[in-house]
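Single-structure report; data block below.
Order of writing sets the labels: A, B, C and D. Residues in every chain begin at 1.
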Amino acid sequence: MNKRIVPGLLLTAILTVLFFSSCTKQTEKKEAQSKDYSVALFIPGVVAGSPTYEMMVRGAKKAISEIPNGKIKVIEGGYNQGEWLEKLTVIAASREYDLIVSTNPAMPAISAEVSKQFPQQKFFLLDGFLEGNNSIYTFRYNQKEQGFLGGYFAGLVTTSTMEGANKDLKIGLIAGQEYPDMMQAILPGFKAGAAAANTNISVDFRVVGNWYDAEKARSLAASIYDSGADIILTIAGGANQGVITAGRNLGKYVLMYDVSSYDDAPGIIAGSTIIRQEKAAYEKIKEAIAGKMKFGSADIADVKGGWVSFDNKHPLYQKNIPQDVKDKLQEMLNRFESGTLSLKMPVYLGK
Amino acid sequence: MDTPLLEMHGIAKTFHKNSVKAVDGANLIVGQSEIHIIIGENGAGKSTLMHILSGEVFPDSGKIIFNNREGIPGTPSEALGEGIGMLHQHIKLIPELTVLENIILGAEPSGGYGIINRKEAIKKLNRLSVKYDLSAEPDKLVSTLNSDEKQKTALLSILFQDIKLLILDEPTTFFSELKTDSVYKLIRKLKSIGKSVVIITHKLKEAAAIGDFITVMRGGKTILTLKASETDPHRLSNIIFGDEKNLSPVRSGSIFGNPLLELKNLLFIKNGKEILDISLTVREGEIVVVTGIRESGLETLEKLLSGEYKASAGIIMYKTAELSGRTELRKRKAGYIPSDRIKTGTSTESSIAENMILLNYKSFSKSGIFRAGSIKKFAYTLIKKYGITGVPGQIMSTLSGGNIQRVMISREIEANPELLIVAEPSRGLDIKSKSLIYNKIFNLKNKGSGILIISSDIEESLRIADRLIILYDGKVAYSGDGKGIDRSALGKIMLGYDR
Amino acid sequence: MGNAILDMTTPIILAALGGLFTELGGVLNIALEGLMLVGAFAAILITEFTGSTLLGTMGAALAGISLAYIFGFITLRFRANIFITGLGANLFALGITNYLSSIIFGTKGVIHSPEFPSLLRIGNYNLFLFAAILSTIITVFIINKTVFGLRLRATGYNASVSLVRGVDSYSIQMKSLLISGALSGLGGAALSLRLGAYVPNMTAGRGWIALVAIYLGRKHPIGIFITCLILAGAEYFSNAAQGMFTIPSDILLAFPYLITLTGMIIFSFINRTLEK
Amino acid sequence: MNSVSGSSIKTVAVTLVAAVSIPVILLALSSEDPLQSITFFFTGPFQSTYNLGNMLDNTAMLILTGLGMSIAFRAGTFNLGGEGQVYAGAITAVIISLNIGNTAGFTGIVIVLTAGLLTGALIAGISGFLKKQWNTDELISTFLLSGAIIHLTDFLIANPFRDRSSFLISTEKIPEKLFLYKLMGSSHLNISFFLSIAAVFLAYIFLFKSTTGYEIRLTGLNRKFVEYGGIPYKRHLVIPMLISGGMYGLAGSFSVLGNFHMGIKGFTAGLGWNGIAVTLIAGNNPIFIIPGALIFAYLEAGTEVAMIHSDLSFEFSNLIKAVIFFLITAKRFKLRRKVTLG
């Protein structure tokens, strides 16, 4: 019994020594701070498997690489939402970064919380919305319009004469999880878009439960296709791959979100909405470096502004989609771009 | 003379757990076709020495030469590979496997590609069965066997491996009393075909009866080796144990009181077969011994009394209460020393003290919390009274077999039960321990407790019983005070000749 | 429907059969998840480079064996606690696949290519289904008819008795771990090759489901096969139900667990009643 | 499970050295500035009171979950459902907190903690009951039940109790009167730390000094012996489960009152599994759970800080943890002896 306590005591002793030895280090560190611009890129999740995060990382790195002593650090926060606040606090507390960049609708609230403790810390948040906090600038995509474009195109496909399209007026949407933007912007937009193509179209909406179970996504997609749908919009992270496989196996269509990826499955991926995430990260961080970022304000990035769109320039799209569908989609895009049509993105989630 | 088959020199082993020198510089020489007996008290180091030979324990120091090759077996598999096999005191079989699977395990005849050649296995098994007069049903599950069949299976499993030296640990504890002759026959047969046998025992008669040589062990040392034919058992006994006569239990005079335990037409039926049908009464101050050969129903009786089996019919009365369903003798504070001492009777990974307080642990506590002082005191009292080598906090598994039993016995007897049930009281005990337990039992009897002993040891049964019940084939073949019955008459009843 | 269920169940059957070997050998193998994951990764990696799904499949088995060897070596040789080393093996699989993928493909994410060779199919069924059926039959044979099978069961039931009988439990348990590595690796390959892509964490708890299937299947290959079919059926029902009813998805996701649990309770209830 | 005991000082030392040096090697190999990564890894948790406080708060949670597991292990049962039990305990704490507005303060805190504890106990108790009644394997039933509970709790957070004004999938914040008293600046460290230490000693006394603990330990070691001793052991298939689940539930409610102050989807993830790891590192001994939890929390905090400040990546933190898991319970480091006949 006594013998066995020894290792525990030993360890406690080691930890104590480490504690005291590190206290002295802390004071030395402060002088070492650099005056050059440094950015922390906080990923709410992991970069792996997410093209939108990859785009953000690319854009941010490019912006930083263009200044002489720029520093950028990508920090993956993991999927546990409960831990984000703590991690973001640690980053802010380190006082090492001039700007924290992140992306996710939940980040503004979390950043505001951190901002209470560290008011000097600046935040640039993509895909979120918060006005009036002088430390935070947000840049939110109009996902309702984005969902609408997807729904409209899917509606055009299911009513078209395309090889994989059947008579049933049915389309699908597979999501990784049910999250606020999905339920309040994307899905309603998608349904509205489909209705704009034909009011009788029904939407089969299903959830994988996570962002990586591609096999489950595959069987969900197969089940949706079997029930008569001919095109599915997939917003399921890494699990998208399962939907593509199901589409390939059954000769049906897949619609991608955020990132144009026709080449991944030529002929199967029929269309793709896009957001200009790389450009946004790049341009906005450049603004911040130049001291021109409008902290305290919130921008909405929509189709009209060119931040949200549909990739209809891709050769595979041009090749595989019938002319009348192409024309109708272009017409719809024109209406958004000219401002004759716009959808309001819900920025606060009222009760 | 040929070179010896086995030489062991300066073998020593200390178990780190309790720093007790189990074997301390032992030497042993066994010739070709020789029956060699190792005799000694419980805890003398016999088993450890043999476990070293069979590869189960690795010694701290020493040299082994076997079959002209020097080296120490690192695992049982290596020992078997060299031709050393050991039959353990506790039957080592796997109940979930069939008889054949148990027998061939480790020496499977292969038909290529690692596939078991069943035909070949059966053929070899049949050959062995005939040669050693041991029958077996290959496809029966071992869990369904009776103890006799289990013993045969265990023996066959060793014989199936091609061994040069067979180690038998307490064979007559292992085999029922009346099977001793056939065991001897088997051992002699092995000798006659050139194999050597080492037998561990603490029974003098056994040693003298079949051994060629006898090696005496005490305190981890081999103190001398004698030729069996030249040995006087009494002298030997003094070397090992001191004077045996003083230790023999004596039956005391008896006044019997009210009935404590009554079994009325207790019936146990399994798979439509009547396994046991018994009636008996145990009164205050009375020792009732139920004996018989192994398959006669002794085990079933124990299991019915312990509550493991549920009686098919009949009544169990404890004093004036009728116990329905499974017996609850234990809940009524009856003492019980089970035949399975290790698995049932002790918690091997708990301390001595924790094992000792099992029956009345609540009395050592105050509002649910133990009083450490009184437990310690109690444990020390029992340790002293029963001559146990150990301290209260010591973990049971670090004790020798004899000490483990003493802990258990001390617990059961010190609780002063009105009724004590003892199964196989002398199993695995040396004479000192045996006489200790008998003395304690007689004390209890004199205080007016009733005692029911279930034993397959004939002499023990004759000597101590106030009332003797002999079972044959699950039925009472004799019930009486045992007077006028000698050993051979008893044997006949047990085997069903005198009905 | 039957086809879909069979498709869903193959990876789990393969992993569960692998786990059966370790389970029979007395080793609680909670690393099935990680073993599947390295298999899934290796299958894509090697197929990508060689263009052959066959080589990819073999590579998957080999990757499973390699991880199983590390896991087994540490657990059996150093006598480390198998539960913790199992958790370690699962974490290791996640870390090492991401690490290798960032070195080899420059991405930690999804690995896929449009020209990925499609799997061989016989009729409507892909080859892995036949592999799973064949493995089930071979497993029955190995367990009951071979020296290894006997020693494996003996070790699992009672290692100390087996040891006395000259059975080297280290080697037996190690072999069983390697087999479980190979079969789980194949299970992982069944998952990723059919998809034509590797997604980090794509096993998504299937290794655990396989472990459950071993127990529910009464540690018998055929029992496991049937259990896996039933589990896949529950999953299929839950997937289909998402399209039929407006039940919140979280509740539907809980369904397979509840169905399995209910089945298990009924099973043990019947067992207990029969005993009495 | 009970064989987790009695490792010598030498092997513990070797384990510690290996567990420390292997991450160092891995860091050195993967990092562009190894010294910096290593420094952050080891000293990071102590660099600010915020880091230190959070590490200690995490330690407190791990102590509770570790204790929960160790009591189940001692009784010879296996509770694989910790994840679900913590999560359910936490959501119960949130729901009760949101509904007892007027009883806030000390009484309120007691009510909330009790409710969380009972929820965990109930869930684990179901598995114990099934084991007792029909011998349903508790290893599997706890796991399955937990799997279902996790999704159902997700549902509660995402639907009926969802705060629809938040972009987090979370419930509303609980009343501030129920927050546990904080001990170290802005970090999460709160009085639950002392309560968890107290729980260790209570658990120790319960297991080793009480009659019920005696019955439970004997049941775990040798069920036949307990039956033979006439101890009614069947309830000890249920009681340890209740305690085990209760500890998990308590950990869940502590993390709500002391740290998160609301329910967030998946917020307690990992506590259940880590509890098992802590118990096994501690060799099932309640007292050793304190250093065991400390080691574990220290490792987690170290990797986290190193990830934020240096170029340590997510997958490497997994690899480091994996290596430590591989070695931390190793009992001996010598390879098999090779002595054979001939």
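To be clear about the criterion, a residue touches a chain if its C-beta (ideal position, glycine included) is under 8 Å from a C-beta of that chain, and two chains touch if they have at least 3 such contacts.
Because the structure is a prediction, the values reported are computed rather than measured.
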Between B-D and A-D, the pair with more C-beta contacts: A-D
Geometric centre distance via CA averages, subunit C-subunit A, whole Å: 33
Subunit B-subunit D separation of Cα centroids, rounded to whole Å: 46
Chain centre separation in whole Å, for subunit B relative to subunit A (CA means): 73
Numbers and ranges of subunit C residues touching at least 2 other chains: 98, 108, 248, 250, 253
Contacts with two or more other chains, residues of subunit B listed in rising order: 79, 81
Subunit D, residues touching no fewer than two other chains: 151, 158, 314, 336
Pairwise touch network: line, ring, star, complete, or other: other
Chains grouped in pairs wherever the two touch, ordered by label: A-C, A-D, B-C, B-D, C-D
For the subunit B and subunit D complex, residues of the former touching the latter: 58, 64, 66, 69-74, 78-79, 81-82, 306, 330-331, 336, 338, 343-350, 354, 358-359, 361-362, 365, 368-370, 372
Contact footprint of subunit D on subunit C as seen in their complex: 70, 74, 77-81, 83-85, 87-92, 94-96, 98-99, 102, 108, 170, 208, 212, 215-216, 248, 250-251, 253-254, 257-258, 260-261, 264-265, 268-269, 271-272
Parts of subunit C lying in touch with subunit B, wherever the complex brings them together: 145-148, 150-151, 153-154, 157-158, 160-168
Interface residues, subunit A side, partner subunit C - complex: 46-51, 54, 178, 204, 206-207, 209-210, 212-216, 218-220, 222-224, 227, 238-242, 244-245, 248, 263-266
Partner subunit A, residues of subunit C touching it in the complex: 4, 7-8, 11, 98, 107-110, 112, 114, 191, 194-197, 199-202, 204, 206, 235-236, 239-240, 242-243, 248-250, 253
